[in-house]
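Labels run A, B, C, D and E following the written order; every chain starts at residue 1.
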Amino acid sequence: MSEARDGMKVVPSRSSEWVRPVTPKKPASAIIEIDGVSQVFQTSARKDHLALSDISLTIEEGAFVSILGPSGCGKSTLLYIVGGFVSPTSGAAKMKGQAITGPGPDRGPVFQEFALFPWKTVLGNVMYGPRQQGVRAAEAEAQSRALIEMVGLKGYENFYPKELSGGMKQRVALARTLAYHPEVLLMDEPFGALDAHTRTRLQNDLLNIWERDRKTVLFVTHSVDEAVFLSDKVVMMSKSPGRIREVIDIDLPRPRRRNELLLDPRYQKYVVDIERMFDEVDETGSVS
Amino acid sequence: MSEARDGMKVVPSRSSEWVRPVTPKKPASAIIEIDGVSQVFQTSARKDHLALSDISLTIEEGAFVSILGPSGCGKSTLLYIVGGFVSPTSGAAKMKGQAITGPGPDRGPVFQEFALFPWKTVLGNVMYGPRQQGVRAAEAEAQSRALIEMVGLKGYENFYPKELSGGMKQRVALARTLAYHPEVLLMDEPFGALDAHTRTRLQNDLLNIWERDRKTVLFVTHSVDEAVFLSDKVVMMSKSPGRIREVIDIDLPRPRRRNELLLDPRYQKYVVDIERMFDEVDETGSVS
Amino acid sequence: QQTIRVGWTIPAEESKYWMMRRPAEFPDIGKTYNIEWTQFQGTAPMTQALAAGALDCATQAPLSLANGVVGGNLKAYIVAQHVFEKAGGFSVYWAVMDDSPIKTIADLKGKTVGISVIGGGTQGPFNLLLKQNGVDPAKDIKLVEVGFAVSEDALRQGRVDAVNMNQPFAARAEAKGGTRKLFSLSQAMPNIVHILEACRADFVDKNPELVKAYVRDITSGMKKALANREETLKVVNEVLKAPIPVLETYLLKDNDFGRDPGAAPNFPAIQKMLDIYAETGMLPKLDVAQFKHPTIVAPLQ
Amino acid sequence: MSRSLSANVMLGLAPIVLVIALWQGLVSFGFAPAVLLPPPGVVFSRLLQQLVTWTFQQEIAATLIRLFAGFAIAVVFGVSIGIAAAASPAINAIVRPIVRVLAPLPKVALYPALLLLLGFGHGSKITLVAADALFPILLSTYYGASTVEQKLIWSAMAAGTPRYEILFKVVLPAAMPSILTGCRIGLVISCIVVFLAEMITSTDGLGHVLVTAARTFQAVDMFVPLITISLLGLILNGLLGAVRSYLLRGFPEA
Amino acid sequence: MISPLALARRAAPMFACIGLLAVWQIASLALKNDSFPTAIEAIRAIPDILGDKESLINILASLRRMAIGFGIAVLVSIPLGLLMGRSRAVAAFFNPLLMVIYPVPKAALMPIIMLWLGVGDITKTLVIFLGVSLPVIYHSFEGAKAVEEKMLWSGAAMGLSLLQRLIRIVLPAALPEILTGCRTGLVLALITMITSEMIARQSGAGNILFNALDMGQYDTVYAMIIIVGAMGICLDAIFERVRARLVRWSEPQFDMPLSFS
């Protein structure tokens, strides 16, 4: 799965201080290990609500892994745990062999709810990360403007979040995270509020960035197409309490072109298989 | 386009006080007329930001109309105007010949951001509308529980919104609006945060409700498939400032079955045509 | 150049007002020593300030000073006296409305009576008078606190049946008419000392010369106040902000309190008052001698 | 859960114990004469002694009645005026300048007039408490209500809620966090003001107990009402905290 | 051209003030009571106060103390409130302490405060400080508590340290609520500015007011009240400007569709 990528020229990252250490990388070393993670929430309705049950998953460095699963199965929660925002009730998550104890600039989240800083403009939001990493203002601004243009928001640099549409906010959130080049991207339905066309364009952009910078991506999506198109690996979760139902390796050549792939019977088979699996998952799962 | 529907038996609405007047209905009388509507926003970055420009559109009673368009083209804004939440800068919107001056229980919105009442549980949120309409508590609760079950949230009745996942919140928002049986549904990407499977199921449920109650639906979506599958009419908008680019009648038989339709070449042609149009729209549109 | 921290209050300390307002008239103030003036609401807070060492000298009433001694371990000397009740002059009195059925002190039984400060300096003689007339001040009347400034209004509005009156409010009320005097404190004791000047003993012992200079100035201030009524009216007007026409009606006239020309404390009278307080249970028995400094006491030249 | 609760209680007691220790230290090492600052032990034992006496209980009752009545009036008026001002531009145009003028007035200065108007009993004190506690509650309510998420109001209106009902059904609950913050401030101010009013003119209540003690330098008796009002503040706030976590149970911050 | 409605809105404060004075005038005429002068009497006394150089100096002295007390209170209370809002432990530590300290009337503690701090500016500034800090702390506290967690998570993921998050995310996000606290604080600053001068008086606006009260000069009392009210209007207007600038991003996008007019 990593041959295609290994053969590519590694473009040096744009900023220098915050890139990962330049130790030579083994082709498929695990970057994130999730080990027997369970998450219990205290809700006002029930004493304990088991959201995740005994999740174990290993993500290799540079892999693009998608998580699919019915609504409410714990995908976001899993991402929070990897991000270090929430510590699991039991089990442990590791990054590069080190237990994850908190958030860090090596793992960049794109939240389902965007969580933009309402007191900053679009540009201010996107520049926030690079500035924090010590990138000089002029440089950070140039980079940010480029990213804003990439997500199709040129001309909206000085708008405040409340003045944006849903999809525009989502794109700002995406740009904001990409701007500080985290090693691992944790994306929670980052294209959910986008129209088909914008979505396709951003999928391609994301793939380009990923291939160029060799990022690891953990990608939550609801679209089976999207998952198959983008990923090396699709993790299928089942509902309530969230469990890993299946991990599917997507063995399609890279770089992937949308038009070609759509006609590829292997692609179609993946999509159909996973959709069928989805139906099964959803039928068996019910609120505990 | 309305033959299929006219042939159907009209199921009487469940609650009685607030149903539309029982005057005999002409087959295709306009229920909503949007006439030369423009919307200008004052933003902090620019003095005037033209979000909608000269939109005219007529929606017939009982029609299912989808709005498609690139992110930020003004779909939500248009819905707000029809809902009576925002009054347009120029032009006018009418409902049944009467100028729309404010919100009313005849037009039920499902907002892109859900806008659930944080101080109410799932059940409380869904029951709000019927209670407001004077439905007795026991009855309202029974109806609401049925709707909650329909959207797949049985068991979560006493959860507060903060304890729900994104997709779950969206489903509560949907149930909350359906619960008070508005004559016109104004839905802003109501399935955006849902996985493919749940989405399909709810699409079917929505179609059933629509066919049974002969509701008028104005439906914003990002999915071309979804628009074609559900609608009588697809309105294609172009970006910045939002204009109506094209109105496409979807001439497919009803009731529609997903499996059949997917194989129908007419369906496929609609999808392909609209997707192509999308590409054009997106290229021409740019920030003014 | 040393500084002395002095507390003062309104309304009847003319010699101190002169010192504040006309310092140029006093050869020492601002030259050999400085005064840091702080105004207080009533004498009780000043007693606390003296006890806390936040003030060196302050205006005191016999009762508040004695309270400081008994409760607050305060040691102080009475160095001067501001006003007292002179025969034929003004005496704090309790007034009722003209048409009130209350004719004698005994009629106060079961009535609401206003007093400026419950447990204050006037309450000793007041209690004594009541007792002498067969009224138990603790049980037979309802006592409420009514500041002098609102006394007249409270009485006219019927909030109280009888209330104490003091200058300048008494003059104002009398001018308006409709009220009458029921009894006055002079009936309990003819020469009540209302306010005097006290200094902390430790301060006096440490800075005898400084305090001497201060007492000297108080003495000469009193002289000036009495000698030049015209100017005193202006000075008091500046301090009290009370209009001169109002002051004109009573200040330094026969219907005012008495002022000793040398500001000399009347120790026997003070002793008598302490005895009254002891008798009415407000204080233990005290000897006025402890407040006497052998040399530093007005009048000083 | 219960362990973290008791840990929190310990954490909260720590600084209070520290303050008492500091107090004891100040007395022991002679930084303050005992006649001004009596040792804590003496004060607390005197407090315990007093608490069981009927007269002292009556003083507390008098203070509490004024406190609660004044605070309740302030809450009712503060919340309703605040919400009305946020909801209606017309009311806002009238209320805003009035609030601007009245809020910063030192209400104590009006107390003599209140005494004459309402007498020396509860009425004048309750009014003073209400007047002082009103504005913090009103301002918090106003700002809370004027920043309510628009789409919540829209949702309710679309469900057929009449405009005036929106105030109770949406604006009020949505502004609740802010309102309760205002109430907390108003409650503390009520405690201070009821005491102050009783100190200025009264025949009963804790403030009266305090002044009589202060005038005669009964330092211990002076501190007993002070400690009592302190404890009352603590208890009332605990209650308010419980009310708060019940009312805000759905909100993310609760 | 200003529309009549906008004109009416702009004039509304004027009308409200005039209305207030009218109500006062009528009430005082009806009550006929010396200690409650009519509005006209009070207004007539204003020039006397403002024309007197000494009074002006007194008032300025009060304002200076108020500014200092307010400034220090804001500087101390906002960080404390934010810390309490973001850390359960800090909140659990300070909350009971504050709740024990605040209800105690400062006037009652005067003897002890005088003992350590004297009777001068420090004591009065302290009283103002305590008055202002109460609302600022609690509004900052609640504001910080309500900050959306995912915003903090975003910041943490960008490498912001705990302190940086507090300053750069919690502070701006809670700013609207903090400013509500400051607004209440401003009101309390004016009130405590006056009342702090009730018992121990040197030069100050409160001094003028309470002296007049003691002397039964009620027109002066109420003239001072009007002056303080006017100060309130000015400070408030300035504050609203600053506020509007700082939190423009949080203002509701649409007018509240609730107007009954």
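In this text, a contact is a pair of C-beta atoms (placed from the backbone, for glycine too) under 8 Å apart; a residue touches a chain by one contact, two chains touch by 3 or more.
The model shown is predicted, which means the values in this text are computed figures rather than measured ones.
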item	value
Farthest-lying chain, centroid of Cα atoms versus that of chain B	C
Interface with the most contact pairs, given as the two chains involved	D-E
Between chain C and chain E, centroid-to-centroid distance (C-alpha), Å	37
Computed distance of Cα centres, chain D from chain B, in Å	49
Gap in Å, rounded to a whole number, between the CA centres of chain E and chain D	17
In chain E, residues with contacts to at least two other chains	33, 35, 111-112, 115, 148-149, 198, 210, 213, 248-250, 253-254, 257
Multi-chain contact sites of chain B, meaning residues that touch two or more partners	44, 85, 102-103, 113, 121, 160
Residues of chain C whose C-beta touches two or more other chains	48, 51-52, 147, 149-150, 153, 157
Contacting residues of chain C [partner chain E, same complex]	5, 7, 10-11, 37-41, 45, 48-49, 51-55, 147-150, 152-153, 156-157, 168-169, 172, 240-242
Parts of chain A lying in touch with chain E, wherever the complex brings them together	80, 83-85, 102-105, 107-109, 111, 113, 115-120, 128-129, 132-133, 160-163, 176-177, 180, 182
List of chain C residues in touch with chain D within their complex	44, 47-48, 51-52, 64, 67-68, 70-73, 117-120, 142-147, 149-150, 153-154, 157, 159
List of chain B residues in touch with chain A within their complex	41, 43-46, 49, 68-72, 74-76, 112-113, 121, 152, 154-160, 163-168, 170-171, 189, 192-199, 222-224, 275, 278-279, 281-282, 286-287
Chain B partner contacts - residues on chain D that touch it in the complex	149-152, 154-161, 170, 173-174, 176, 247-252
